[in-house]
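In what comes next, subunit A is part of two complexes: it sits with subunit B in the first one and with subunit C in the second one.
For the complex of A and B:
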């Protein structure tokens, strides 16, 4: 949704940028000053202004009180309160389920010789790429009334009743949380050499005692996984706008969306809801810290010995491979089958009694207003967003990994942590609120309803998680390597290009691709901020499905994902073909 | 590798380095405290000090990686760091060898060395010649194509050394370059650093906490403590005439004991500690009756072959011993305390009573 506006400023440079450029010529602008200015405009100002309206409606002409907590009252009562409770329960269950599955996967893949582990490694990237609404839609297309399975003559009503309710919603949230939890736990398990287990055994510990020590050493990663999946689940909008919407099972993010679509728009209540969601995530992080009680579990050192592989019998291999395959079928297989089969069914979503399987949905949508232009538009926006977000994230992660503590480091750390916890929909509402404020418009910032604002919102939404993903790699770069470049004749920019960038080239590429793919199929920000007449592809899919063109909608889904995978393949091909040998060699070492 | 002294490398114009009133604080801790230092052109100066003495801060400030809070640094007559002035590292015409090598892992050994020439106006033909010569000079002629992870620790540090010398800078800085290497490799690389640096004629500043490394390399040694220079002198003077107790203790002792000055005789004093009377040199002016601490250099003690010899000696019991090739070093417990590195050509047994003789020239008394 975008608020009605007669301004359609695609790619037009706003006038305030010309003013800033003119001033920049007079005053000396350092790269870090430019970076902080951008962070201020895309992250700090919109979020702070929007959230502050929860306490002070009058500050922005949204009510009569300068300070009040009354905006929080509806959040904990009635439909808002129920939605919040649902989100909380779903978040906890999804976090526990996803972390348990991820733990089993990490152990099977990294510590055993089960044959199916190789398939898992190849598919984890696909799980990251698939947005939650596409996973939910895949399930929906299969199990809905007159859906693919019913057309095939199967009786799926009991499963549908389960799917269209808390169980189904929780299942999809769990599926979406598994790759995040897996990544965290697997990274910790990789660093956990076998010496700890051996030490327990040689000092008289039984096999189970050794296992308990290993489990304790993995606790930080398990708590991290729980916190991450919980945050992802309660801030998810994809499942909220699909499964929970059709199942009439309200969750907080969808309640926010409805709040912003109501007349008059209740910004103070939306801000209070957003703050409550943020508080829940921060509480999860605090709970994680408290559970660990500040204990350090540093296990990785230069002397860490790789752990030995547990060899299964044939029965063990069959059982464990079976488990991996079941998880893969549920996480990827069913959604893919649902989407692909629905996209090839002619007449899905209609009351026809005759259905046929062909590619006509694809040939039809190739010329559809919901595919071609939106896909091109989303691709352009994703290119801009990924490049801008990864550039800013590289600088942010460098600030975060600085050897010496500084005020900018502490501030960045706090703000990015808080921003990671903010749901995409809160970003979008924050942008709607801030860039429609009278005083912002009086400043000459007429950017609401433009592609420029959409790109900024996408970037702000992607920046916190992209920065966090680069922190690990950036922290591996010893300061002395940059110092060596400087003392051997390079300026700061040259040293950055010569040393930092090549060393983290592969992580940068992966971060870029994840941001690109994530933005290409992004839903909440797209839905709320797209410029009139220029829907991104995620909105195109939604609009198509809203018109009961299920075949066409899923065909757009499939083509969009294929396009994302093609871009990923092209990027990796170009990197492997043209990147200097040292850059590739380094990536392979990791 | 080419034999020492056979290089065709050109000599450079060495730099004179002058540090005046340098101050650098980290919070409430002064890493450099009104620090003064002059390094004469073409000399090899080693700064020796324990962790936290400020030596790394100083070398990084000279390199331009750190900014001083106050004070000045000049190269020759040109100030490079001072109030409102900070010449960036890339403009200082220097090179540095880092403790952790700081090789760029995405570049081959050749590319790492070549990097130092990239921003100098040197023809590509000369670049190739100079890089190959530098690699050959450090014994890595056939390993230019290898990446750092394909080289051993010693080879990696040789690449770092080649990178430092290839551009023939006027000032070479060494930040504890040997501390990550094993003993044998340290010794070999130390010789290479000494010869290569003197060969190109650059001024060299080397920091370490290892006194044997300092004495082996330096024309001049500076001893640092808590951000202050304690003494700057030749290795001989640092060892024989340490300015204070700290310098003496940090440059190698095998034991110490406390006592009272009984008599003063020119440069020497007699110190009583319990029943023992020991003659030693004065580390600083002393008076009769003054309480002192006597520091024993390892070369000051030996096991007397005449058990009845009571001249400047004491009796003790052997706690432990270690074979050192040319003889044995013993750890002796006596009424003065525990003295280590007590040398004898033949081994005493653990638990034996022995007589330890003290050479007054190699023990120093300082006031408490």
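For the complex of A and C:
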């Protein structure tokens, strides 16, 4: 039909216009080509070039050999194998724990009338914003020698011994993973009508059987959550280095940082180590593909009915609200305590017998060069990044959830997870390798050291988690809805706006806020790629802490988190006030 | 099959065009700023991990209009990683950080421009400065100071051997050289002082057997001291003095920090170097900045900066006539200098050994 229309137009227009039209058609760029171009430049090339140094150090002036395997020597000797095993176990436990807790939270918050669900909804972004350093710090402050609990007269030595080792590291990584997992699973659960659970109940299934059916239908999002928490956990360095001091529990990223901190810097060793982390990611992807192969999870159609709310008894309400509050205290209360103790106590660690709490650190940093300008700059960059990343993530998640397996789908899956599994500093180094090449400069392309490149790097860094947060929803959309819209005369864009947009409007908003919040305090990429003279706020905090102004640095961090929460609140207010009614309908309870 | 091939061809062609358009747009976007840059003063990027560097930059930029030094602050490790990643297309004009192993490595790699004037070094500067003037020494700290809690440790160890005594078993903490840049000069100093790398390794293994607690860097080691996990932390002198200042201002019962220097600590310079691979005009500007930092106006910043907010000024001056910050204590009576050209190239191997033999269980 489209061809016929084209032909009829061609007969009516003058020949020179035909020529112009033909030329315009020849240089037409498809949206997917543009998308893959961006992915190529912001993700694939930087990662590939960094990893290539493991085999060819000379490629980027990191050694004399064009080809060698000697960079892998430290990886396959000594205790590195054990460290890799530790990372694998930590990743699996943190991923399973975080996803299980997130699933229970999503169900309680979205499908029940437990009173504490409103507190959870209001605090999930604060949870996401709490840096892992503050979570670890909070735990330390509670359980360390002469910490709060010992001052209160409690004997916590056995717990401390557990905490300062694999159990503690796992716990913190799990806590850090819960908001990621929750956002992914909750978004998918919002799009899941209750007809499947009702069908189970009608056919005599118990409440737990209905829950199992719901959990099965949520498998794509659960596996997305597992994959992303796993990748985040194995790439973590900060938590492990903070809490493993006593146990000296080795993790794979330690070797990677060792290579980077050496003089001279040993990027080939770091690249070889990164390849082993990627091997773990491939294992995760294989497990995910194996679990989901041959099954369809497309549950969201034009007939999807909003879920009804399960009414609890008083006891049920008390128990479920108690569970939510316990999780909140562990995940949010403890890092808040860490921040308060660091930013308001006069004299770091002065919990011994006499200490005072005041706001002097806050009043002092209000005029600090590390706060105002850096925070404004970071906010601008985060706004750009969130918008760009969400646009790309919407397309990426569509590719990832395509019904048919394809090369592009596998490719996308691998590179998105690889970007998570590689610590930010490695990612940033890949960017320098790529965009500081002399021949690129000779072409007149000077983007290294500009806000443009920083925004691209932030976007690439955020893309994996943003895409994963949308995968659950995208996998639920039945193609028939789009087809129906097209049959009724809508173009692709119109059909997308009318059909897909109402379904994913809220997840898009959440993904946008997630990216905005995550970018605002991002450190490793910022530190290596910020334009000279324009430090983002995370670098400001780092510089403040480096000068042993621990109270001041933490006060800037807390103020930045409060600012991010303000933006989140404004965004939700605007959405609820101005978004079309249909956009707000999905996920509403009856 | 032919249909699939032509489809693939269309996709590839479309991708190639997208790449070309993206590159053109990027060139267009950056070309504008490159053209505009000619009218501005010559800018020089200073990669620095020195707390008072921004004050030096502001004073230098205000003192003349030909050059503009731009601050790229950060921690030493990531900044060195950035320099290494830039490889043969360096973007830094100046590099300023604690230690001199990195400067010696860059000098051996023929990356540094010789400083165009001879600084007026005092007795400390003369001992620390490189013979070929490939970089300048702007101040010195000591690695390590033994920061201890005098409320619980009445007789702190005053020698390396004292750290091995059973009386301090499980009470000593130090930093990890893989994370804390200044810790390597301490380890190299111990090895140098004991006569060989192997003798040094034996010493640290004995220290580990005596319950050594290894933390990442100065902050966590000092915190371990504050909460009583250890009784003495082996940290950088500026961090140790900052701790004294803090707790003298706000005394806390049960915690009274004091400083002792076990054995012969290593005198560690802060080094400022110029990249010779930048355009000649930038190198000239970098030379002018170095001259300014070592001038009376530049050196005065050491004394006028508030050390309670910026502990990097708590260092021993290296230039004649400079007045040290009021919080800087007397130089330890005995100290040693480590040759960065000898010990710098050994750092990777020694750091890896530390990980496998000392840090791990």
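Convention: the second predicted complex is superposed on the first by the 300 of 590 C-alpha atoms of A that agree within 3 Å, B and C clash if a C-alpha of one lies under 4 Å from a C-alpha of the other, contacts with A are read in each partner's own complex, and residues count from 1 in each chain.
Please note the rule applied: a contact is a pair of C-beta atoms (placed from the backbone, for glycine too) under 8 Å apart; a residue touches a chain by one contact, two chains touch by 3 or more.
Since the structure is predicted, the reported quantities are computational estimates derived from the model, not experimental observations.
**Q** Answer with first, second, both or neither: which of subunit B and subunit C does A:250 touch in the superposed model?
**A** Second partner only.
**Q** Could you tell me if A:279 is touching subunit B, subunit C, both of them or neither one (first, second, both, neither)?
**A** The answer is neither, since A:279 touches no partner chain.
**Q** Please indicate which partner A:528 is in contact with in the superposed arrangement: first for subunit B, second for subunit C, both, or neither.
**A** second
**Q** With both complexes superposed on chain A, which partner does A:583 reach: first (subunit B), second (subunit C), both or neither?
**A** first
**Q** Contacts for A:448 in the overlay, against subunit B (first) and subunit C (second): which applies, first, second, both or neither?
**A** Only subunit C is touched by A:448; subunit B is not.
**Q** After superposition on the shared chain, which partner residues are touched by A:319: those of subunit B (first), subunit C (second), both, or neither?
**A** Touch partners of A:319: none, neither subunit B nor subunit C.
**Q** Which partner does A:199 contact after superposing on A: first (subunit B), second (subunit C), both, neither?
**A** neither
**Q** By residue count, is subunit A touched more by subunit B or by subunit C?
**A** With both complexes superposed on chain A, more residues of subunit A are touched by C.
**Q** Under the stated touch criterion, which partner chain does A:310 make contact with: subunit B (first), subunit C (second), both, or neither?
**A** It touches nothing on subunit B or subunit C.
**Q** Now for A:574: first (subunit B), second (subunit C), both, or neither, which partner does it touch?
**A** So A:574 meets neither subunit B nor subunit C here.
**Q** Once the two structures are fitted together, what part of subunit A is touched by subunit B and by subunit C alike?
**A** Subunit A residues touching both partners: none found.
**Q** For the complex, give me every residue of subunit A touching subunit B.
**A** Residue positions touching the partner: 478, 480-481, 483-492, 494, 498-499, 502-503, 505, 580, 582-583, 585-586, 589.
**Q** Which of the residues in subunit C come into contact with subunit A in the complex?
**A** 11, 14-15, 17-19, 21-23, 26-27, 29-31, 33-34, 43, 45, 49, 51, 54, 70-75, 77-78, 80-82, 84-89, 91, 101-102, 105, 109, 178-179, 181, 184, 213-216, 218-220, 222-224, 226-229, 239, 242-243, 246-247, 250, 252-255, 309-312, 344, 347-348, 351-352, 355-356, 359-361
**Q** Can you tell me which positions in subunit A touch subunit C when the two form their complex?
**A** 27-30, 32-34, 36-38, 40-41, 60-62, 74, 78-79, 144-147, 241-242, 245-248, 250, 254-255, 257-258, 260-267, 346-356, 369, 425, 429, 432-433, 436-438, 441, 443-450, 452, 524, 527-528, 530, 532-533, 535, 539, 542-543, 545-550, 552
**Q** In the complex formed with subunit A, which residues of subunit B make contact?
**A** Residue list for subunit B touching subunit A: 60, 63-65, 88-90, 92, 94-96, 98-100, 102-108, 111, 115-116, 118-120, 147, 149, 163, 167, 173.
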